[in-house]
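Look for chain A in each of the two complexes below; its partner is chain B in the first and chain C in the second.
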Partner chain A sequence: MLSNIGNILLLSNVLIGALIIYYSFNCLKTSNNLVFKNIYQLSLIQSTLILSCFFTLVAAFLVSDFSLINVYQNSHSLKPVFYKISGTWGNHEGSLLLWVIILTVFSFLFLVLNKNHPKNYRLHTLIIQNLLILGFLFFILFNSNPFSIINPVPKEGLGLNPILQDPALAIHPPLLYVGFVGSSIYFSAAMASMVSNYNDRSFAKSIKGWVLISWVFQTLGIMVGSIWAYYELGWGGFWFWDPVENASLLPWFAMTALLHSLLVLEKRNALYFWTIILCLLTFTLSVTGTFLVRSGILNSVHTFANDPSRGIYILVFLSIMIITSVYFLFTRYKPETNHISGNSKETFVLINNWFMMFYLITVLLGTLYPIFTDVLFKSKISVGPPFYNSVIAPVVVFFLVFMAIGPQTKWIKNKFTNLKQLSIILGGALLTNFTIIFLFKSYSVISNLIIISSLFLIFSSFMDLFKKTKLNFARIISHLSFGFLIFFIGLNHNFTIEKDFNLKLGEEKVIDNYKFVLNDLELINQINYKAIIGKLRVKNMNTNEERTLKPEIRIYDNPQTLTYEASIKTNFFKDHYLTMSNIDRSEYYNVKFQEKPLMIWIWISVVMLSLGGFVSLFKNAKNN
Partner chain B sequence: MLPKKVKKRASLLSIFFIVSVLSIFLILNSLNKNILYFNSPSDIRLNKNINFDKKIRIGGMVKKDSLKINDQEIKFVITDFKNEIIVSFTGTVPNLFAEGKGVVAEGKLLDKKFFVANRILAKHDENYMPPEIKNIMKENAK
Partner chain C sequence: MQKTIKLTISVFIFFILLVFYLSLNKVSNYDTENLVGNKLNQIKLESLEGINYITNKNLKKNSYTLINFWASWCAPCRVEHPFLMELSEIKNLKILGVNFKDKKDNALNFLDSLGNPYHYLAKDIKGKQSVNFGIYGIPESILIDKDFIVIKKFVGPLNFEDLNEIKKIVSSL
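Entry: the complex of A and B
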């Protein structure tokens, strides 16, 4: 039953998408600047239908309708209601439906909210966006239909992988999708802008809000995924340069570059084609990321079941997107007449863009390199964190310095008059850095440079707060929190303490200045799992600080899975992180203990960073 | 003499060019230094010039009844059913680590028969076998 409803809704969406394209072309032929009323209506119906389609799937998960393969494979009647709902988008098919929802809703909102822009531009955007929608609808219908049925109907589902039964992972996909699927709307708008010759600062105004929204959500989405990896995967890190993480970071770099070059287009009417390239690049990278993750071409911690046929479909779709974008870029390209002075805010924005491109190329190369060597030389390699750290860390030092100076410069032509102020800030940064070394212990040259440059950015952003000119709060908040983010990551990276050892029940172990005792093991029964909870007493003998950590070994019923739950004790200064594993019921428990300073501040910095985006979004909405 | 404007543009372009060449060199150089090669125990045995200071990954199956745990370390044997290598590791193992299952260990070789791992990898999927191992198994089956 639900399968039929779902399929009918999907098919009617295809029909409506086609109708919108048809009417849009008709409307383009008319000479007045009005968009047909029925296009608005169709667009609204389209959004309503795709949402109902999604709720049909949610309903199927809620009532555990195992006649749908998708529900059978990813749910279980005894699963908590919350995870029944989040299970809807926790799998490949359901997540694609979410993907199409965002494409559709953004398409509708863009049409409604941009009424003061020319008809041609709006309609072309709508047409291109609907082509994207159709592309993904066909993908769902022919390859990954969440409403496919199974016969005979199974009595019970297979259950959702326990490591996915987690609040952070329930909200992670929607956040991330608003980010990188949201970038589709400015992909369409950029194409439309080239087709309809709408290429001045008003184009920048029409997409600014959308770039901000997607950037804010992408940032938050990456953070939530990172938090999940931190407490669930049990390695104690928050960033592993795993291909999946890289896939989410690539569009983020392009978006951040776009956010800055848009400023130049908006204020100075320059860098138009560069901005267009970034718009196209962002969504292209989003689809590339999806391709890499879903096709199984790369190894990662992600759990999407892989299927080569999916990869081929996305690859074909991606190629069409890239070829059309490149074709339009070449045919429409005109050299810019606006000359940019070497010492001006425009140049500093461009410098930001170069840095972003550098990070992007680094991460892209590192992610794709194993595929190349496999195909070309048949050698199996992997590119680990040392590569990214050694390439990116030294460059970040310069990046932070430019990030501090850039906002102080003036548009068109700049003169450095505040060298004195800058040197005071630099002095303060150096002093703070050496105080940290003095109070704690020394660290490497590159860490020193990173700490100094991040402090330089933090101090100069603070100084901006006390300026007499009109304040740009959004920029100050974002730059300040980015400075803090790098600062905390630097300290966290340098002062993390890690101890690995094996321990029997009741045994006591002393490593350096830490004393560990495994006091007790407790067995508990929960609704969908059994758990062994260890009680480990950790004592720092220098500070006499004592803590009991309770890591768990869980055995889930449906599907039967063993997981290790880290025990994390957080305060404002540090996290204590402990995981415990056991092999084949051996009497020894394998323990990993970490003391990670300032962990919580890393998350807070990222939240603040995206808050800057929100402030800018709010200001942007008020101005228009 | 070239006009001033052309000169300025040429110098800007050359700066841009030098910076890009430098950064690409930096990336590729670091890539070469930091890649981890994946080996099977047979690869190690056949390889004549092993760099013992370089981190590598070794993959295969955890040999049945080879697992030993004491208060210092976890010791086990990785096999590709032709050759074997002893692995020593301290730390927590992934939840799917077990005898007779696929495993990837990351670390350094002490000699051709002994490997000190600092990370054990496994994927969060019960049917998972690293593709590298799948290939080895396929080749060995021939």
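Entry: the complex of A and C
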């Protein structure tokens, strides 16, 4: 029955989407600036129905309705309620439904909240957004229907992939989707802006809030995924340059560039086409990422839901999107005559954009290169951290310096009157860096430069707090947090200690100044898994600091899977991270121990970074 | 000028989409189980002494070859060592030991103290060669016949059952 309700709701949404497009075209023919009342009503019904459709699927998971293939494949009656619910979007079909929800709700909110903008612009945005909604609804209905039934009805489900049974993973997809699916609304708005010639600073105002929302959520979504990978995948790091991680980072670069170029469009009415390109690029990269992940052409630890047959649909969709947007861009493009001084805030914002484009191209090349070599030369290669670190790290130094200087400049024509202050800040950064080296240990030249430049950004952002002019809290918080983020990453990278060895029960091992003893192995039974818990005592013989870490090897029943749970002890100064894995047919366990300084501050910096976005969002809402 | 830029962008986009399309038909999942039944065409491993290479030529005269990946630092390798010693005495079987991410002196000490079951000794210091054999951890062993077809793959240390299975396969000649 739930299957029928779900399918009816999906079909109703198709109908309503088509009606909205039809009425919008009719409304465009009228001469006044009013949008038909029924368009508002239909948009509200559309959002209500798609949410109802989603809750129908949640209900199917809650009552374990195994007549639905999706529930059968991704749930189990013994699964805790929390994971039954999060299982709804922990799979390809359910997550697509979440896609459509965001497309639809954003479409409605954009219509309602932008009443002071021209009718033509709003309606064109609505039409394009609804074409996207229809595209995804057809994808769901014909290829990835979460309400497909199975006959005869199985008595029990196969269960959710155990590594997805995690609180962080329950919130990671929704956060990330608000981010990159949310970017669809300014893709539609950018297209509408070109069609309706709405190309001045008001256009920037109409999308600024949406760019901020998607940026904030994308930042948080990436962070939660990163935290999850840190403790769940047992690799002991926070970023692996995994292709799927990269796929989420690409739209983030484009969004960040867009946020800054919008400032120029808003203040100086310049860079309109560049802003449009960034709007189109952000959502195109989001769909490209989805294509790479869902089609299965990328080999990645995250590729849970892959199926080449789905790939062709997304590829056709992506191609139509790109071809249409490039067509509009080429036909509407007019060279702009911008009178931008080389020494002005505008130039510094542009410099930010160049850096973002540099990062974007680097990560895009690294991600796509293995696919290209495989197809063109039949050679399987993988691009790993050394490539990204060596290309990106040196450039970060210049980026941070410009990030510190940029906000000090003035619009139109700037004069550097604060060179003395900048020199003092640089001196402070150098001194702090060499104090760290003196107190602890030295590190490479590039690490020195990164730490000095991040301190330069931190100090100059702090100084901004004491300026007499009007404070831009959003910018200060974001830039300050970014400085801290790079600073903590730099220290974490240079001061991490890593030990890898084999140990059996009762055995003691001394490596450098650490002593490890595997004291005990305990077997416990939980509802949906059994676990072997190791009790490892770790002693730092220099400081006499002693800790017991309890890594787990979990054996899940449904589906039968083995996972390794890291034991992590966190404090404000460092994390102790330990994983234990069994060696097949042996009494030995492989132990990986890491001491990672200032880990928690990396996460806090990212939260603060997105907080800057939130502050800007509220300020923007207040101003409008 | 503008036309050239537009044309370049269009060709570039078309090229990317085409590569995406072609890549959809590729199997990208790496599965070591698939190796069974496959032929190992290009074996070329540097000998432990580092003076010559062990290739298909060296192995083609053997009825069966067991390629064993091991290291002196690997505890489970010690566990399987007695079984390898026993296998080394079988007439139809020759054993190629690939010393994995190890130091030569440590490897030779290991063999001095526990015995040397290997008819051929090769090294893979960086662990890159072993990837071609579908190795993702050691110890692992691959049994191939005289045509270099993979008959069986053993993940983890060899045990008593594996020993009997290898004996059975080899004696069926």
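Note that the second predicted complex is superposed on the first by the 622 of 624 C-alpha atoms of A that agree within 3 Å, B and C clash if a C-alpha of one lies under 4 Å from a C-alpha of the other, contacts with A are read in each partner's own complex, and residues count from 1 in each chain.
Everything that follows uses one rule, which is that a contact is a pair of C-beta atoms (placed from the backbone, for glycine too) under 8 Å apart; a residue touches a chain by one contact, two chains touch by 3 or more.
Just so it is clear, the structure is predicted and the values come from calculations on it, not from any experiment.
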item: Which superposed partner A:Phe358 touches (first chain B, second chain C, both, neither); value: first
item: Which superposed partner A:Ser319 touches (first chain B, second chain C, both, neither); value: second
item: In the superposition, chain B vs chain C on chain A residues touched; value: B
item: Touched partner set for A:Leu505, first chain B, second chain C, both or neither; value: neither
item: Which superposed partner A:Ile371 touches (first chain B, second chain C, both, neither); value: second
item: Which superposed partner A:Val112 touches (first chain B, second chain C, both, neither); value: neither
item: Which superposed partner A:Leu562 touches (first chain B, second chain C, both, neither); value: first
item: Partner chain in contact with A:Tyr588 - chain B first, chain C second, else both or neither; value: both
item: Which superposed partner A:Phe330 touches (first chain B, second chain C, both, neither); value: second
item: Chain A residues contacted in one complex by chain B, in the other by chain C; value: 299, 502, 504, 583-584, 586, 588
item: Residue ranges of chain C in contact with chain A within the complex; value: 6, 9-10, 13, 16-17, 19-26, 28-30, 74-76, 79, 155-157, 159
item: Touching residues (chain side chain A, partner chain B) in the complex; value: 161, 163, 234, 299, 301, 303, 342, 354, 358, 361-362, 365-366, 369, 373, 379-384, 386-387, 390-391, 395, 500-504, 507, 509, 559, 561-564, 579-581, 583-584, 586, 588, 590-592
item: Residue numbers on chain B that touch chain A, as the complex places them; value: 8, 12, 19, 23, 26-27, 30-31, 33-38, 55, 57, 67, 69-74, 90-99, 106, 123-126, 130-132
item: Residues of chain A defined as touching chain C within the complex; value: 291, 295-299, 308, 311-312, 315, 318-319, 322-323, 326, 330, 368, 371-372, 374-376, 502, 504, 583-586, 588
